[in-house]
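One structure below.
The first chain written gets the first letter, and so on, giving A, B, C, D, E and F; residue counts start at 1 in each chain.
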Amino acid sequence: VFDMANETDEIGIARGLAWTSVGGDTLQIEVNIMPGKGEFRLTGQMGDVMKESAQAGISFLRSISKEYKIQDDFFKKNDIHIHIPEGAVPKDGPSAGITMATAMLSAMTKIPVRADVAMTGEITLRGRVLPVGGLKEKILAAKNAGIKMVMVPAKNKRDIAEISQEIKKGIDIRYVENMTEVLENALAK
Amino acid sequence: VFDMANETDEIGIARGLAWTSVGGDTLQIEVNIMPGKGEFRLTGQMGDVMKESAQAGISFLRSISKEYKIQDDFFKKNDIHIHIPEGAVPKDGPSAGITMATAMLSAMTKIPVRADVAMTGEITLRGRVLPVGGLKEKILAAKNAGIKMVMVPAKNKRDIAEISQEIKKGIDIRYVENMTEVLENALAK
Amino acid sequence: VFDMANETDEIGIARGLAWTSVGGDTLQIEVNIMPGKGEFRLTGQMGDVMKESAQAGISFLRSISKEYKIQDDFFKKNDIHIHIPEGAVPKDGPSAGITMATAMLSAMTKIPVRADVAMTGEITLRGRVLPVGGLKEKILAAKNAGIKMVMVPAKNKRDIAEISQEIKKGIDIRYVENMTEVLENALAK
Amino acid sequence: VFDMANETDEIGIARGLAWTSVGGDTLQIEVNIMPGKGEFRLTGQMGDVMKESAQAGISFLRSISKEYKIQDDFFKKNDIHIHIPEGAVPKDGPSAGITMATAMLSAMTKIPVRADVAMTGEITLRGRVLPVGGLKEKILAAKNAGIKMVMVPAKNKRDIAEISQEIKKGIDIRYVENMTEVLENALAK
Amino acid sequence: VFDMANETDEIGIARGLAWTSVGGDTLQIEVNIMPGKGEFRLTGQMGDVMKESAQAGISFLRSISKEYKIQDDFFKKNDIHIHIPEGAVPKDGPSAGITMATAMLSAMTKIPVRADVAMTGEITLRGRVLPVGGLKEKILAAKNAGIKMVMVPAKNKRDIAEISQEIKKGIDIRYVENMTEVLENALAK
Amino acid sequence: VFDMANETDEIGIARGLAWTSVGGDTLQIEVNIMPGKGEFRLTGQMGDVMKESAQAGISFLRSISKEYKIQDDFFKKNDIHIHIPEGAVPKDGPSAGITMATAMLSAMTKIPVRADVAMTGEITLRGRVLPVGGLKEKILAAKNAGIKMVMVPAKNKRDIAEISQEIKKGIDIRYVENMTEVLENALAK
């Protein structure tokens, strides 16, 4: 059974798309930010590539924090925890990068993430969005979960073109080149 | 032989349900909170999925601590230790998540946990309760241990429906969707 | 050859009972407490189950430290070292739990442990005593070492009943349910 | 497909050249410097030789920081993060040494790196440039990516001589002996 | 070839005896104490049993430091380094325990260790000396190295009795039960 | 091809001699000392025996620092980094001990190391020089690199005697027993 999209926009939660041996799936990435001492915790059986992706994301967010009026000492005085249920399922790869960064920025700014949006894409330290695999299965999974808009890396345009209209129907596919575009689409107005 | 339910409600102790190769079992999860420096200790041969579950639980509790009038510096000034006897038996999996969180909140607030209650369910960082396996064996183990009420994830409703009335008789089964519901049922009034 | 019981009651030393492939043995557990910064050191080739047992013991003692008039900052200002000779012999399992806790409390309070007492039992975070194995061999080893009283978990009563009177003769066997009973029997008056 | 050279000079980004089993490739090395506490983070599935290269580079930069008017406490008050996309591809070897050092110095001084320059070479703690392998494939990859100038270790002069003029045409190859020469060529005026 | 005994008594150096597959050997254990922050460094390819032995030794010395007029904060304000040449030869086992403790106390107090003394024996946290193996080979090695007095554990008395007079001739063998006796014999007057 | 000796004496660089499966080689050991917090970094794919050698060296230097007028807090306020190019080649063994110590002292005191000197020898915590292997190949490598003087452990005198005059011609071989002698020969006047 598929987890359906949330009914309301939530702070600190963003929807990613995963590609597994049995097809695509949605991943609801959760972020909590708590008064602390700058610790960064990653749970949900993440592999090392995924953990490095999360670290690239947090460094990118630190570099743009001023634009979001986040105080200089925010990252020293708070702990950030990213968790990806289901806790027993191993997860890896860089394609949840932009989703983790979006959920973190939402938790930091208290701006909710749109409930009907999902996304997939590798993030770089400078906020560029790099291409990923498994687009067809991911689009399908998003659709089954009731998602309305899916962001994909601009460099995956050709892969999207190869997917049948049948599958893409009803999903608003947006090509993104960098995190600025991702956040513009993902954050609730 | 089964460990029987405690006779009196206790602070910092909650009853979980485990599913082993030889059937269900009850797990009495113990939590001590001590003046310290924010350390988090997990003992009882817990595997890494279970340890991550405990971490998701503590982060969730930190995010709702204000509702329970817990001071901001509580988590910096205290150490939290979760232990699951029997110490030589390896334990893993996410299904003790809500039980560990319940025992921790009880230890933090000094509100006892009802002695006749057991529970099973994965916890997420945001306090959602996710479905788990082995329900039939777990219900049976709870019954044999003299438990009166068992909380199970709402998403396991179908699995519970498939268990014979014979087995479920005498157990008050409650479906829970989030930790708020878990705590309402578990904490002594 | 068996190590004989000590001639005089000593501070920070308690006698445990081990079960090895070649029979029972006594373990003289040594504890030193030194001005320090809260470090906890475990030596003597202890396995991880045994180390977790020691940690459960120290957390239990921290939770009852007020009853023994131990200052709040005792555990921050001192280092605790538990060593089990012989240093080259690997040791594991939870059954030295109550012995390690007894030796630690003795070292903390400067109350000697009775030289003619040995004990075996798993300790929980809340000071409950859980059953262990190898009782027959352990009783025999205690007897050979000149021990007068042996504490065993109350839940092992049935196992003790199965041991021949021949073996048990001359040993005062005490059933214990929690650390309060253990300490009452073990500490010198 | 090849990543093309950037259109504009950027701060904290330098282009390296890698040699893989399927030919040469360009590596866009990204560096972020953030207010912090002196942490040094390396992501992008770097092997230990590459990580040590990065450490040699940062120590070299610390030793020459005065020449670039970098404050004494800069390295205590900032965190430095080097990331090499693509995050799922393992990378190793010492040949990205001078590129990582160049990207770091650019991020430290806010002087952009020329967009049309790529480089390859091992760095030593004293800033010497040591020879590397795979020159032919690397030159080819640089050319395909639209790079105009490639820096190579002076000690690789003979290897470059063996490459056909056909391949080298259109690339300005510069021999470098130390980081001073590298920076002179790489930093935008 | 055998390392000969030192010509003069030295501070922080004590001579142990090892038992290897090719016979006995002497080990010159070196200790440096330096102004620092309480670090304890062990080098010379020591195995974990030997490292735990060193830790038992340092804890024992901390517990008796007052008797030697060593200040309370000595262990916080100094670093202790134990090194056993030859650095490429793996060493393990508990039998260097009393030698390491002797060398450390000598370095702490600046009292030299007698150059013509060697010793072997396991140390416990309370300074008891436990029996070890390989006595015949060790006595022989000590003799070849020009040692005059060898300390062995009192519990090895029977093993020493079995060694031929031929071998023992010229060596003053002392039986020791605890570190007090070891230090009395080892430290220069 | 062999790395030739440096043309000028340099601070923080000393030449060692290695013995590999394909013959001897010279190793140019580089040391940087930077304002820091007492960290000790070792790069260049060093094995654990070599790392322990470096640690023995630094402890020795700390113990004699007063003779070189190095302030007490020097080791707390600075970071020391030893790097051995070439970064991808694994290196191990204790024979670079005296070379690493020489390069470190040079970096600490700003006294240059003579460019035409190479050396090989294990260092102990007390500055003794222990014998090493591969002397013939090492002497040959030094000669090919244009080295004029080679220091070898006094205990290797017999091994040197066995090498043909042909090979030794033109190299001034000095036997050293301790670091005092090493430094006297190595440091520029």
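Operating definition for what follows: a contact is a pair of C-beta atoms (placed from the backbone, for glycine too) under 8 Å apart; a residue touches a chain by one contact, two chains touch by 3 or more.
Here the structure is a predicted model, which means the values were calculated and not measured.
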| item | value |
| --- | --- |
| Distance in touch steps, counted as few as possible, from chain A out to chain F | 2 |
| Copies chain E and chain F - rotation angle from C-alpha fit, nearest 5 degrees | 60 |
| Maximum centroid distance from chain D, chain identifier (CA atoms) | C |
| Approximate Å spacing (C-alpha centroids) for the pair chain A, chain C | 52 |
| Interchain centroid distance [CA atoms averaged], chain A/chain E, Å | 60 |
| Sequence positions of chain D contacting 2 or more other chains | none |
| Arrangement of touching chains [line / ring / star / complete / other] | ring |
| Chain order around the ring, beginning at chain A and proceeding next to chain D | A, D, F, E, C, B |
| Interfacial residue positions of chain B with respect to chain A in the complex | 38, 48-49, 52-53, 55-56, 59-60, 62-63, 72, 75-76, 93-94, 97, 122, 124-126, 128, 130 |
| Interfacial residue positions of chain F with respect to chain D in the complex | 10, 12-13, 30-32, 34-37, 41, 43-45, 79, 81, 83, 85-88 |
